[in-house]
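Below are two complexes that have subunit A in common, paired first with subunit B and then with subunit C.
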Partner chain A sequence: MKTYSDLEYLKLSKGKKFLYKISRFFCSIPQKILGLFVALWNLIKKGCSKVKEEAVDIFSTFVNGDWKTKVSFLVMGFGNIARGQILRGLLFLLFEVVFIGYMVLAGGYWLSMLPSLGKVGPSEEYDFVLDAYYTVYNDNSFKILLYGVLTIFFIIAFIYTWRVNVRQNKLAEQILAKGKKLKSGKDDLRSLVDDQFHKTLMALPLTGILIFTVLPIVFMILVAFTNYDGAHDGYYSNLFGWVGLDNFNTMLNWNVNSGGSVQSYAATFGEVLSWTLMWAFFATFTNYFLGMFVAMAINKKGINLKKLWRTVLVLTIAIPQFISLLYVSKMFAKNGIINGFLMSMGWITEALPFWEDPTWARITVIITNVWIGIPYLMLITTGILMNIPQDLYESARIDGANPWQQYTKITLPYMLFVTGPYLLTSFTGNMNNFNVIYLLTGGAPTNPAASSAAGTVGYTDLLITWLFKITQGAESQYYLASVVGILVFVVVALISLVVYNVLPSIKNEEDFQ
Partner chain B sequence: MKKFLAVLMAAMMMFTMIGTAGATSLAGTYDITVWVAENAVELTKTQIENFNKTNELGIVFNATVEAVSEADAATQMITDVEAGGDLFCFAQDQFARLVQAGALAKLGVKAAETVSAANSSGVVAAATAGDTMYAYPLTADNGYFMYYDKSVIPEEHIDSLEALIADCEAAQKYFAYEMQTSAWYLAGVFFGTGCVSEWTMDEEGKNFVSVKDTFNSPEGLIAAKGIEKLVKSPFHLSSSSGSEFASGAAIVVTGTWDFNNVQGILGDNMGVADLPSFEVDGKEYHLGSFNGCKLMGVKPQVDAVKAAALHQLAQYLTGEQCQLERFEALSWGPSNLNAQASEAVQANPGLVALNAQAPYSVPQGQIHGSWWDIAKVIGDDIKAATDEAGLQQALDNYYDKIAALFKLDNNALLFVGAWNGWNNADETDTFYFKDGVLTLDVPESDYMGGRIVNPGKWDTDKGFAQVVTGAELIQDLGVEANPDNNIVFAEPGNYTVTVNGSEITIVKN
Partner chain C sequence: MSEKNITNPMKRHMGLKTSRAIGNTAIYALLICISIIWLVPFVCIVLQSFRVELKGPVGYVLPKQWGLDNYKALFQTDFPRWYANTFIAALVTAVLQTIIVLCMSYTLSRFRFKMRKPLMRFMLILGMFPGMLTMIILYRVLKDLGMTQANAVPGLILVYIASSGMGYYVSKGFFDTIPKSLDEAARVDGATRFQVLKKIILPLSKPIVIYTILTAFMGPWGDYVFAQYISFGTSAGMNVAVGMYRWLNKDQIAASYTMFCAGGVLVAIPVTVLFMCLQKYYVEGVTGGAVKG
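Let's turn to the complex of A and B:
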């Protein structure tokens, strides 16, 4: 598209300026994505050269090192011990012993089973005397996958430690060559609460994150490449195994499962995704602007009982969503209190299809979400609004700006600047807003054309509620749910990356300092 | 091969028998978890206490009884079998899933015989997958009928769906019939016009091998028109909860479990009746229904002794005495034949209405788990339809989904033999008769024979004796050499085999 110079741009009318900005933004997307790939490629290249560097370093350490260093390649910590750093050396040695012990006793088994995820499934035996069946359970695919991944983590940790061990030998040799003294065990311990204090502090949280966050995520991602489902739970019913990219093919191929009039999974995914984005957009921005409006209205001079209004609104937060949402869902039902009231007043003769009609249902969930969301936004924005320097408004008034101009030129830019990151997180949060959708509609009304092999899909289903339905469906297709999970991550990550980079708070960091 | 295996198995079992001859006593204390419906928790505790006192085997159960609804039990079991109850109750529609998930232990031979003899045949079939019994029948009242508010609905209208809908609309009251969210209620309409959906499992009971489903047919279209009348009424409510009477309903279609609830709300105004008829093109069709049951299952155990003890308890809890106790305390309709014959059961108004519906109800056999999800959508699809083509489209959608999930053939037949390694499972697409025709390559081998069977079965469905055309292509070995009525080809080659009724035509290509 045509790029304008600054002068040309300034000559454009307001509408054209806006259009120009928007088209610039969209035109820059392919370039940004390309940039992402370039960055990725550079990262890989950098990684490769780093590995090469390391290899060369290890090799030269071995060739140039003394015999203590050479033995350390096999017996970790030997060099440290031989040079008097007993504590360090013993720790290295201990780690090696533990590692070898683990690999011999358990790790080797988990690792060897990982490629097959188990060989012998459960078998049913019959006891003639007792006239009873009992089951002999054998391999457990679930545990193999879990402990297999854990073992790989352990191996990576070992390789890293081994590398550190080699490097320390080299450093020790260099230090000794210069005639300096090596750190003793006491020095090491002291440094842990002194210059190495960050390591002491971070050790526990990092281990926790690794075990309770990273490991499950890796595990869940790997499930997408297996056939783990209700009939293949890996232990009690059948083993599960690797299926490669089959599940992604099922989910993303337009032709799979499209017998006759039934949508393929890809089409269903597309529909659910588009509604998810629509929902996230409306849920975020209706709340944002209406919340801001309410906050401004309450803040206005001359409004009495400010505290009362705020308390009334905050009451919605005080009631747990589980209760209020289920109740609202009943209220809007066909025979609920709202339809009942309208009918008894004679305003309508038949119930309004709040949850029955796709469009009605979508609008109703968005409006209900406004009701829940406004109080939060009101609380957040009240504080920020009070922070805007009053002299800005004063000078604007003197210059003759009307309230609307004051809002668009002062309030809104300031708000966007401060709450930009919040908007982004709440957008992604809304994409995964399980509670509101599941408790209000459960995804209803059903989309009859959508494939229902993995649970029924409705017009108000978000990707996250669909994912849940897949796991709860007749076949409990955990593998398909995992695929959806990965795709949700990809979508959210892409949106976050793009939006984050255009946020005013990131782009013009200095503006409101 | 199959026979050889059987002999081997028998031999192995003999050894096992000798080996475990010492472990005949079940006496001991066992810690177990039992899952029952919430309202049955106290009663079950008492019943287990009674079992501990009265059993002559010296079994003592230290039982933790937990409330898990029969609708949720399967999902909870499948999610985590290890944490599941040792004994658990569940509704019949979840049976197939549980068997596939390995969450049900088979009944012993003696137990299966006793239970089969003591219960009505429908519920025994419900607890059986393939040739194996996997669960104990607990109730036989899992069917539905109509509750209505006598103050709104005149008694002379209860036989006509159209009149009922008109009454509800006139009174601005709701007609609750779960047509959009439950295949269990919806399917009844199709049964009412003569449609069927019958599923067959293999012998092991782990896989479905064929289905006969005629929902997508002229009769199905009539049923769709019946459903349309209901779901398009502004006063139709897709619900099956007796509590709807408290929020504006005049009619609720539900089962005996709601009896006390509805009576509490309506009091003397409560009426019960079998389902009404609907009229399409001048012809009346009585609404059909499913009748099913609730079952009690034993979780597979590693220890044979504990397994045997648990089966003893399950047999006791589902026996005549316990079923009667449950009927008295909770109005659960018994499946035990003796219990069913008791006077009190015969006189229960809910069960009377259920019996009135019985001629129009279809026993709920084993059904593929995904069918429930696929079929329940029909209601919404019909509601969205604007004309007859739309109704037909709803049925087409249904058909396509089942076809995508499963090989749909109303006359499923397989040609098993040397050419496919005597494989009678449904995966052997290549040897599957489509519309009665199969083209097959017979490879050179010592025995170029086989037979036509139903998927999952070994018995000859059709064989040598039925070949009318092409007899010169096959060998006549005589009954003694060929007791199984196998078709044995004279030479390898490519053949087209056509099955038409009970006649087989073979042509060499």
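Let's turn to the complex of A and C:
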């Protein structure tokens, strides 16, 4: 592929410039992938050298430190207490005691069971007194996995704290050597609302995220490598165990015929994924352009009652979505208001199959989503439209540009530039738009070919609603759900990565301040 | 084009005026159409909630016989319980979530510490996992803690607020617009970081605080998935969305469709009233937040 210099590039015609840009982009893909690997390699190298650095630092602290420092390597916080920083020292000591106590009493057990996820399942025992069988529950795979992960988290936290403890001894020695005073417990408490205020503020939110998001996500990623489902719930029915990459094999292998049904999981996944992408594309862009159109119509000079029109649309945001969506889904039903109205007007003789025919259903879903989405987009675009400098339009008018030209040359480029990141998040948000699909159609109409052992799959099912259905009912194939969840993540991450690399407006957030 | 206009300025003026008038009429027509389309479903819900003669879905809108039967029937079901569940969850969530979100966004906007960028990137990546996936495990953990089914409300609140720190984008965008020089001036005068937040930033942040409270309050009213997982088929622990969803099942719709409409009206009223009062702040939040992405 020929590369042009700047001067040559400027001489090209418009179409050629565009083609040139596109081909340049595709040519640069291998380079970018290579760049990614190089960056990854550098990261690993950096990490290795960092670990080495730390190890050397710890070692030299031990060798050069005084006896207080040396004892601190075993008894955390000893150095702090010996040097008068009682509060810090006690906190370190407390943490160590709690950690050792936990590891001895519980952590060791969970960790030792982690490789097997439990050995003894529930068993039937005979009770001689009552002359009846009863069930004895033994190991709990679910808890083993959960607490196993938690224990690993705890160990990492301990290593980090231990490292901080060592570093503090070194710093304290240096400060004392210079003849300065160490910070007292009072100073430490004061800094929590001053210099270290960010730590105080973030302690609660980050703990919540760690326990309720990070831990469950790590857990669910691990579940993808087990056979955790309704029949193997790990305690009441059967234990579950590690199965390696089997689940990914099932999901991604085109040739495996799952349980005698019509289609392999891979084919079903492909079908649902293609509709998910199609839906996300149409849902995002129909909303975007129609919302912008409505905003421009309301903002046009000479239109009165601007506030009234806006309020009418904004009002619909206030009403909880489940009411409006469920109601609209019944409006479009065979015996619903819309079919009733059309028939009473004599325009149709038979009810239209809004939810029964695959193509009709998909189009109706997208149209209903426009109804839901336009008020938001109207609000968002109104704000941005007002920010476009009016003299741009002024000079365009003087140059004789018609409204369409003004739109394509000024409004649209400006909007796309400013809302680029928003479009991306709204695209990925639509891919996971559970509410609209589930409350409108529940995935119907059923796709008989795609429905597999993982329950019924419909033509309007997104990956996220499919995932939800997999986890429901007696089968509850959680392992499959977590495979789907991981694949959703991969798709979303890939799209975001590509868009962020192509988008012109990767903004420097500091510019706004 | 321009030459012709210059030779006859009068004609050009007239043409513009008439074409603008036609254009404006078309836009008015369009706006009226839009308003009708957007309002019709809600008018229909209200009208059908007063229908007495048939309880199932029908093809006409105006009731043949008006009455409050459907509203009375609501109180013979578990609806008051669901309503109370949702209301309590929404109220508590509004308070706690606002505190968490504001802490997080203020920190990320104002402080520059070593882990800031990696933390933001990490939360961005976390957000790409479908949140529903975490419910599978949270349900079992909360069940062990006794916070599911009939006692779903505390569990539900916990789930709503626990990860709300990840939704810091909009309010961070707002804090970014408050000049940093204000903080610095106060710091020079000897104020601690906490005093800066309390005495300078918070008084300026009324719009974003109200926006955060409003969105946090509205979230639980519309939530279906989390409430469905945690109540797990136990009527006493459901919220309005999960409870009323069942009324539209195939086997119940013929008997409870109009009741659904009546319930819908009752659910929508408080949220809508609150929203209309605070609409100004909502609009500010949405328009300000989206530009930042």
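Simple rule for what comes next: the second predicted complex is superposed on the first by the 422 of 513 C-alpha atoms of A that agree within 3 Å, B and C clash if a C-alpha of one lies under 4 Å from a C-alpha of the other, contacts with A are read in each partner's own complex, and residues count from 1 in each chain.
FYI, contacts are C-beta pairs under 8 Å (C-beta built on N, C-alpha and C of every residue); 3 or more make two chains touch, one makes a residue touch a chain.
The shown structure was predicted, so the numbers you read here are calculated from the model rather than taken from an experiment.
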If you count the residues of subunit A that each partner touches, which comes out higher, subunit B or subunit C?
-> C
Counting only touches as set out at the top, which of subunit B and subunit C does A:F282 meet: first, second, both, neither?
-> neither
Of the partners subunit B and subunit C, which touch A:G340 in the superposed model: first, second, both, neither?
-> both
With the two complexes superposed on chain A, say which partner A:A493 touches: subunit B (first), subunit C (second), both, or neither.
-> second
Would you sort A:Y147 into first (subunit B), second (subunit C), both or neither based on which partner it touches?
-> neither
Looking at the overlay, does A:Y137 come into contact with subunit B only (first), subunit C only (second), both, or neither?
-> first
May I ask you to decide whether A:I380 touches subunit B, subunit C, both, or neither, giving the answer as first, second, both or neither?
-> second
Once the two structures are superposed, pull the subunit A residues common to the subunit B and subunit C interfaces.
-> 335-336, 340, 343
What part of subunit A is in contact with subunit C in the complex they form?
-> 142, 146, 190, 193-195, 197-198, 201-202, 204-206, 208-209, 211-214, 216-217, 219-220, 223, 294, 297-298, 300, 302-303, 309, 311-324, 326-328, 330-331, 333, 335-337, 339-341, 343-344, 371, 375-376, 379-380, 382-384, 387, 400, 418-422, 424-425, 428, 432, 434-435, 438-439, 464, 467-468, 471, 478, 481-482, 485, 488-489, 492-493, 496, 507, 509, 512-513
Parts of subunit A lying in touch with subunit B, wherever the complex brings them together = 122, 124-137, 230-231, 233, 235-238, 257, 259-262, 334-336, 340, 343, 349-351, 356, 444-446, 448-449, 451-453, 455-456, 472-476
Considering the complex alone, what residue numbers of subunit B touch subunit A?
-> 13-14, 16-17, 20-21, 23-24, 26, 75, 78-79, 81-82, 97, 100-103, 105-111, 172, 174, 180-181, 234-235, 237, 244, 247-249, 300-305, 307-308, 311, 368-374, 376-378, 380-381, 383-384, 393-394, 396-397, 399-401, 403-405
For subunit C, which residues count as touching subunit A in their complex?
-> 1-2, 20, 23-24, 27-28, 30-31, 34-35, 37-39, 41-42, 44-45, 57-61, 100-101, 103-104, 106-107, 111, 113, 123, 125-126, 128-134, 136-138, 140-141, 158-159, 161-166, 173, 176-177, 180, 192-194, 197, 218, 221-222, 224-225, 240-241, 244-245, 248, 253, 257, 260-261, 264, 267-268, 271-272, 274-276, 279, 282-283, 286-288, 290-293
